[in-house]
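You will see two complexes here that share subunit A, one where it goes with subunit B and one where it goes with subunit C.
Right, the complex of A and B next:
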């Protein structure tokens, strides 16, 4: 399925038609989130999946993109849409010196450094009140009332990022990245400047994530440091999107984003209100309690999901597709 | 000048506990070659254990050390045996799967604690929590002093354990070269379990000792995990002596930062140190001390 292009093209066709068919703005909202996560997940996949440098701090790039757009509109009076291009560039400007510092060291340092970068950005955005208004956050008027324009912009970004990954993988860059992931010493001995190419890889990732951040600002209209620099809701979510979909696969993030947004939404709303309905219909008192716990437990489910996915399906839906298909056919 | 010495004392006392946290982390780093991002969360579990025993049974936190340390030892062994060791055998693209796993475990621990105890701030106020004594105009917190003494004792015991005992030697052997150690008849898998257990027990001790002077809520693990990795980076990954220096340095830096720059920046300082170390002393204190 994934060798040929039919699968992804059908997926794309469905996505293009989706807002024309489903008029409910709630589901349109969810799909916009899915598309945004496709962009972020693709970015994460470039640096972590292909280059093997796992980033735990995507929120730093996401948040700086969002704040760029927000501050442009809030302080300078430009349209926040200018931030869409600039947000990516600002994220890039953060990623480049950051990569230069921490790619000199191998191993665990990069993962730790991204975590630290995440925290530093959040603290800065919280403490530097004269610039960012701190915990008050930034409010920007949304441009469109309807969700459909946002949907297509998000779709364009998602397609752009998947195409970007595909271009990288099939170009010389992709081979450099993968060689760094597989064996850094061998890559170096073949004359690949690993330090430089890791930075290139990180720049792609940061740029895409920054774009998604500015989209988020434009779409949601409100940000504060706890939301856009959140370790759990952004950085860990980005990792989950990458892992669930399939690390180091082109279409993995597209699958992972869909699964993860669905999972988090199912738990946040207790099965889209199903459990609540059940408790009212049956009149069982304990169902109310279950509903309450399920909707409170969405971070817990994230944690459990991380554990289960890594234990059982370490290469994700796309990466372990042959294994999954064999399981299904054996069950039949 | 009093303020300066007061800050110095506060920093060193806090640094003793940080060293305890850091040694556990660095042992795990040395043997398993992973960073344990559930380290602070393990400490949180120990703190809640201590709280439960203090609140419902009136046990003194220092007596609870005898309960919290073994309990967390078992928790650590279970985590390593059933969640981390199996990952060594599976074929994956990412080497960091184990680190991700610790993140997941940390999230689960935090959320389970939130389920049981809700997000409210708790504290265990004992008679000595706020007690102080004075030496030459500088006040010493009784609880922190006791904690510092316990921490030093445990650290010393840890050194003897690593240098003198059979298991300790095996741990060092596996840390140096897993394959060679296996060839010499060391059961590397069991040593990994023990190491995770010991790391967890040490951080449990730190949590129990900290509880009388601190407050407790489910999210407390995250900041301490970050402190732990700053300490380990500062000391040099896998270096035990480095972790002690790293702990004291972080304690001092935080204390001076809070006094002379502002409380808001206390958490930033650790991270700033982290960046500075990466820039100027990439192998941490290990590079200077060669231990």
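Right, the complex of A and C next:
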């Protein structure tokens, strides 16, 4: 028991010390994003990884959490921090009727329904201008200048969600979720109310994702429908965090979030400015073009990455850890 | 007293009448055999009893209570367990975890669920495989896992769907012994089986169907001698 926890505890220790050691606010910003993705990834992992109901619509919960916090501040003058708890509840309120209706669908059909939910929410937020100000978006004054308070709040949420997953997995809920994933008919014949437990699972996922959305609003200070209800920047990213880290593993999202934020940032900034530097240093004209293409290719890379992970490490970094270790030791 | 009663139960799949006016009553404590040629509707009857399919007409009564419209999981909670002909192990879980998922029906406590699961696994003779993944089991053990899991929900009535098919003679004898042990522990059993050795040796009574209709009911001897049953299995006598 102790041994299996040393890895995660060291990781946690590093995370706690990180902002005290690394003072550069850019890297602190990246780590806040990583921690936010740990929370979202853990939520996705509960419904998709453990319960087997793949969601392509996490942005619906993320965005509604973000908009709850934003509108509280913008329309009612409350602190957006109140939205942190409320955002999770609003996401839950959206998940509930959706799950009630759509959990009659199975497999790919359910996934398609989540995709539709994503798009419905995005359109609503865009069109309902009297409430959301549409594409203008919502601007809220940030509370802190320093990134450190945001960092620790994000860390607390991330730890909370990992603990939440761990608690679920080792309780009756976890057994029921996994039974449903493995064979819904068998689960039903064992006396498990599969519809009810799928709802419970989705509620956990929506709540955590909504929390992350509210945090995003508080931290970034600006949201619009294209950002927080984005299909590929939120929903697909959540899936990638889950798959790369390891579907149905407790610590998978914590690893996947790190890898995915790093990969997307490396591409967005063209190797942290390395390619730009290279083109200036060498004076080769075509390097400018390469830099431009690379920085625009991050969505493409996501696709390639998914193919590679599914082919080579179908259980993700955490799930295939023994396999990875063998590879490394053989290379030595 | 009849533990389970089917009253004129019918099932239509589109235009096909798969089960037609089938009625029978299973007495508490007996092993009740259900036989019939391939496609005669045996598994469909099981699927109707635990509401895997909705019943088209007729009524199913369990312990004096109409369960026709209840959902599958509710029927299980009332005390009807079943196994599947095409086994449905929870593949990426260990045998122990498969059974714990069942025993959680009666407790929320992890320790109690685990203990009950271990006892059931022991009773069914699967202890050596307890920590193996369900997908790694050979077919005989998978069938046994089906029984173990169903039994772990503590049913009063157990529906066994071809649990002996595909077993070698040694495994067959073990399976027969297990079914008898389960009956002796106070569980009523309805069994669908193609292997006559099994069904004839353990059933107290047998109900035979063909094309979804009842053709005979009685003790194994009576049913085996029934001309309609012989005709269903072997065809009509041909006069040259």
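Some notes on this structure:
To be clear about the criterion, the second predicted complex is superposed on the first by the 329 of 332 C-alpha atoms of A that agree within 3 Å, B and C clash if a C-alpha of one lies under 4 Å from a C-alpha of the other, contacts with A are read in each partner's own complex, and residues count from 1 in each chain.
To be clear about the criterion, a contact is a pair of C-beta atoms (placed from the backbone, for glycine too) under 8 Å apart; a residue touches a chain by one contact, two chains touch by 3 or more.
Given the structure is predicted, the values throughout are model-derived calculations rather than measurements.
Judged by the touch definition given at the top, the superposed model places A:236 against subunit B, while subunit C stays out of reach. Within the superposed three-chain model, A:297 lies in touch with subunit B and out of touch with subunit C [touch as defined at top]. Look at A:119: by the touch rule set out above, it reaches subunit B but stays clear of subunit C. More residues of subunit A lie in touch with B than with the remaining chain of the pair subunit B and subunit C.
With both structures placed on the common chain, the touch criterion links A:54 to subunit B but leaves subunit C unconnected.
Legend: residue contacts after superposition of the two complexes on their common chain; A:172 is shown touching subunit C, with no touch to subunit B.
Of the two partner chains, neither subunit B nor subunit C is touched by A:5.
Of the two partner chains, subunit C is the only one touched by A:183; subunit B is not.
In the superposition on chain A, contact is made by A:192 with subunit C only, not with subunit B. Overlap of the subunit B and subunit C interfaces on subunit A: none, as no residue is touched by both. For subunit A in complex with subunit B, the touching residues are 48-49, 52, 54, 56, 101-102, 104-105, 107-109, 111-113, 115-116, 119-120, 123-124, 127, 181, 231-232, 236, 239, 243, 247-248, 293, 296-297, 299-300, 302-307, 310-311, 314-315, 319.
Residue ranges on subunit B touching subunit A, taken from their complex, read 29, 33-35, 37, 83, 86-87, 90-97, 99-101, 103-108, 110-112, 115, 222, 226, 229-230, 233, 237, 264-265, 267-268, 271-272, 274-275, 278-279, 282. Within the complex formed with subunit A, the residues of subunit C that make contact are 50, 52, 71-73, 76-77, 81-82, 84, 88-93, 97, 100-102, 104-105, 108, 110, 113, 149-150, 153. Contacts from subunit A toward subunit C in the complex involve residues 170-172, 175-176, 178-179, 182-183, 185-194.
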